[in-house]
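Structures for review follow.
Two complexes are shown next, each including chain A; its partner changes from chain B in the first to chain C in the second.
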Partner chain A sequence: MSIRRFAFAALAGALFTTQALAADTLLNVSYDPTRELYQEFNSAFAQHWKAQGKGDVTIQQSHGGSGKQARSVIDGLRADVVTLALAGDIDELHRLGKLIPADWQSRLPDASTPYTSTIVFLVRKGNPKGLKDWGDLVKPGVEVITPNPKTSGGARWNFLAAWAWAKKQYGSDEKAQEYVTQLYKQVPVLDTGARGSTITFVNNRIGDVLLAWENEAFLALKEEGGDALEIVVPSLSILAEPPVAVVDRNVERKGTRELATAYLNHLYSEEGQRIAAKNFYRPRNAKVAAEFAEQFPQLELVTIDGAFNGWKEAQPKFFSDGGVFDQIYQAH
Partner chain B sequence: MLRRTSPVIPGFGLTLGYTLCYLSFLVLIPLAALFVKTAELTWEQFVAITTSARVLAALKLSFATAFGAALLNGVIGTLLAWVLVRYRFPGRKLIDALIDLPFALPTAVAGIALTALYAPNGLIGQFASAVGLKIAYSPLGITLALTFVTLPFVVRTLQPVLADIPREVEEAASCLGAKPLQVFRHVLVPALLPAWLTGFALAFARGVGEYGSVIFIAGNMPGKTEILPLLIMVKLDQYDYAGATAIGVLMLVVAFILLLLINLLQRYIRTR
Partner chain C sequence: MSSLSVAAPLPTVARQAPKQWGRLTLIGAAWSVFAFFLLLPLVIVLTEALQAGVGTFFSAIFEPDALAALRLTLLAVAISVPLNVLFGVAAAWCVSKYEFRGKSILVTLIDLPFSVSPVIAGLVYVLLFGAQGLFGEWLLEHDIQIIFAVPGIVLATLFVTVPFVARELIPLMQEQGTQEEEAARLLGASGWQMFWHVTVPNIRWGLIYGVVLCTARAMGEFGAVSVVSGHIRGLTNTLPLHVEILYNEYNHVAAFSVASLLLALALVILLLKQWSESRINRLRHSGAEE
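Right after this comes the complex of A and B.
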């Protein structure tokens, strides 16, 4: 039965074809708004790597929602490095995937966060509703656009920034919960990701204020030309820390540890920091920060570790099933 | 049962083997994995997840909007199929080709385009909101998106059947004294109903599982405009794989029962 044998061979061939991966390619799995940042950084790093006499390197980028990206890596996507929206998502690479050690965040400077951002307000030109600070967002008739914190890393920073302000303003967890409950009652659309919310606010012209990553707000302003939108900086916000990590299991399998480590270290170099700042991320390096001081407004920033005892405590308290966020919608 | 009368494609063993292999890899193994993953939960946990107020609200919304969309397509799709089969007019081929477009278009594109049109500030939405009707960010918007995405099903299943009914049959019925409504009721409906039900069931099943287009237009408010597939994504984003598969199993079972009922209805109509 030659047909049968042929058919079997074809089937086996289809199943067991594997592709060889060259050692000088690197896959960076990142979240949504970093697309422009890493496009610029990758070509800079490739030049830097070649200048050191290490040969050519091809860097592939993958972007998507932070949680979804972490899940892809846990499920087997061979990422050499991950650069995600929050430490909680990289923690899962350890907890669920055993891909990295538990102490991953202490392996690089600044808790593995080479650049930071914060949460600001994007409003219509002229700020017609006069929104100056978090307290103005719950005035009657103000519509607030923010994604769902259960599906969006950025939205979790939004939520925590609002909470941190209310806690400081009113002094207690109960009052803070009352404030965020009122705030989310004024949210007409809960998109699943930060880019979805930006489309709702900018393109579909829904709502009076968009809670956004500072870098997204600057980018929206830059693309849109500044004719219809402006940024409002609240009195207090959160220091959003999107961390980076080498995925140990994958780099060992592929033999790319040296390359992957150099790639992340280069983010801390002056060149890397400057590229981050040019793409509206706040640099850690003091010298580069001084160069871009005019670009980033000064405001009081709380940290996830300082105000919320880290993601390990914040995630279950606020965003797990039955947590504070779910209670907002059960109250209806 | 299996009479082997001169098959066109050689080898019963080979073809059946391929079919089973194909079905296993594409359908059975993934579905089995769904149940295996869900089995990590105890029965109490499973019941607690699948009967929580939010899941039930989403279940109702998902199935109601998919049913509404399938029904709407059942009516409009029948009209479309009728026009395309029974009349010859310039541009007919073009419209015929347009019918399949909702399948080719990425659903996210459809969702974003529909939202831009039907949002309160959109081109069409502004008139609707002027009379107090909210289309985008309401169940109505979800139904609209599903109607768009599932448009081809009823049209494409009805077209060949309708083309097979000769006009003479209707003429004969008229000659025998049937009034137009009677011709429709007693000649056309019985011939078309099984195919119509197939198209309806396909549109319904597709609509229940649709995600890409809906999330843009739904507004995604928990308990109000949150569809079941989104709840699955929410669970996944919390790394709650078992919880996500539990909702998946719930959807699968409900959809299976409904499709089975439609099939039984079809058989009842055929054997009547």
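Right after this comes the complex of A and C.
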């Protein structure tokens, strides 16, 4: 047996042996902008779990547009927990996949939403187009970057924030629809996820304003340095509530319910809340919220339940096939 | 032969000297298009990858998730290429040595993966093996996972690479005909001996060329694999998917480092392709001279 063949066998062995599955594993299927948040939270949780004498845990992550991720879980991606951009996407796990019970959202505090965010504007440094509020976005010549509401959860929050402002400003649903129609006429690229839109705006320098998750806007500012971009806070926006849920059918099959539940509960702990706040998500815990109060601008926030009667009504009305979004985007 | 081909064009060029500028512009245009669309992007990939130094470059490549992606990519190649060789040889054999009904349909169908968008290839497997799919319930009951796991990635890779070996072998084997095989049988060779001692040596270089193309596509496939991957870090990400993830995480240096690893693999494959191509040509010419 030649040395060459031996070396080849050793190399192949090193490449193809899978790691021993000694540790418990947990798969968190999440949406686009939470990458940095869960990178930090996962290692904190693994330490916490080990400190409790429960042994090692490996947490696997998957990220993508929220709607697409929900679709994957319905199609069989074996998520133990989902941490998606909006309740409407997790509802689909019940409606289409029967993976979770209908009342999933009442199983954890704060409607299963451990952290919140909102929608703000990200503009080029110095705000050359003078964009201060939603009304300025439909001025002639302004290019708006936002992802596709069909696939992206953030994009749906963007859409509803714009709608809520226009409805308050102009007083009726018809006027709001006119405003939003004009807004989407000024969108040159619809990416499938929030991160794609951020890359389009920040790296490819397309567009004058990015409608973004507050956390995504802060992160872009941090990554790109403050000398190219700045955040504009509109007069009114929406309280974006990205919820979390244990996927019952999967954890029962894998025997990971205890681990998955502890993982989500840890998001509500002071440590979890602090990690969320550090990654620019608004914490629910009052004490942690006070610590980070200066970081988050104050603005009027409508809620999905207050302004739109919840996702169960908003989702079919605005985003299903033939809904308001299809009507205005077809017209375009 | 080769000396002739160099000598032959000379008088023509001399006669048409005034038109030489046309030739030069065309060659110049070809080179500048090549430089702009191919060379420049390659240079950019490498400079981006190395902009933070060699240390960062190697730490990005040897990072566990990147290694896991490399491992998965090589695994997909290691499974799909041999299967494609089997299928390709069998299909080319059928088409070139036998006459049967529906032969032209078979040849057309082999090309299907060339014309179908990879996204559709991926979705087909989701519809078949996904939890909501045709075999979904059965697979779930037996705890077999295909989609969003390694088998799905291998299947998607197989689908998009199916034509490569067969496409390469069919014209080669048709050109060679069945005479040599018939002679072997008449001289008393068994079917297996005939295949091994007559057919394989004849198609060797075409086979290698097909394998090289197939490997290149299997390593680089993005669309179909992306649909069935589930994008679990360190588990179901192939190298191309890993590059996209790193890029989306503002991690440009790492993204381009891993991209240049893919590029290096591609260059090795390109050299192999060049080598096997020249061997095929030599073989064809020597065959023609006989």
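Definition applied: the second predicted complex is superposed on the first by the 307 of 332 C-alpha atoms of A that agree within 3 Å, B and C clash if a C-alpha of one lies under 4 Å from a C-alpha of the other, contacts with A are read in each partner's own complex, and residues count from 1 in each chain.
Definition applied: contacts are C-beta pairs under 8 Å (C-beta built on N, C-alpha and C of every residue); 3 or more make two chains touch, one makes a residue touch a chain.
Just so it is clear, the model here is predicted, and its values are computed rather than measured.
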{"item": "Partner chain(s) touched by A:27 [first = chain B, second = chain C, both, neither]", "value": "second"}
{"item": "Which superposed partner A:188 touches (first chain B, second chain C, both, neither)", "value": "first"}
{"item": "Which superposed partner A:132 touches (first chain B, second chain C, both, neither)", "value": "neither"}
{"item": "First (chain B), second (chain C), both or neither touched by A:278", "value": "neither"}
{"item": "Which of chain B and chain C A:124 touches, first, second, both or neither", "value": "neither"}
{"item": "Per-residue contact with chain A, leading partner among chain C and chain B", "value": "B"}
{"item": "Touching partner for A:148 - first (chain B), second (chain C), both, neither", "value": "first"}
{"item": "Partner chain in contact with A:77 - chain B first, chain C second, else both or neither", "value": "second"}
{"item": "First, second, both or neither for A:96, with chain B first and chain C second", "value": "both"}
{"item": "Chain B versus chain C as contact partner of A:317, first or second or both or neither", "value": "neither"}
{"item": "Touching both chain C and chain B, counted on chain A across the two superposed complexes", "value": "96, 196, 199"}
{"item": "Chain A-touching residues of chain B, taken from the complex the two chains share", "value": "10-11, 13-14, 18, 21, 53-54, 112, 115-116, 119-122, 136-137, 215-216, 219-223, 230, 233-234, 236-240, 243"}
{"item": "List of chain A residues in touch with chain B within their complex", "value": "3-4, 7, 11, 65, 67-68, 71, 92, 95-96, 148, 150-151, 188-192, 196, 199-200, 203-206, 319-321, 326, 329-330, 332"}
{"item": "Chain C residues within the chain A interface of the complex", "value": "70-71, 74-75, 126, 129-133, 136, 139-140, 143, 145, 147-148, 230-235, 245, 247-250"}
{"item": "Interface residues, chain A side, partner chain C - complex", "value": "15-16, 27, 29, 32, 35-36, 60-64, 72, 74-78, 96-97, 195-196, 199, 223, 253"}
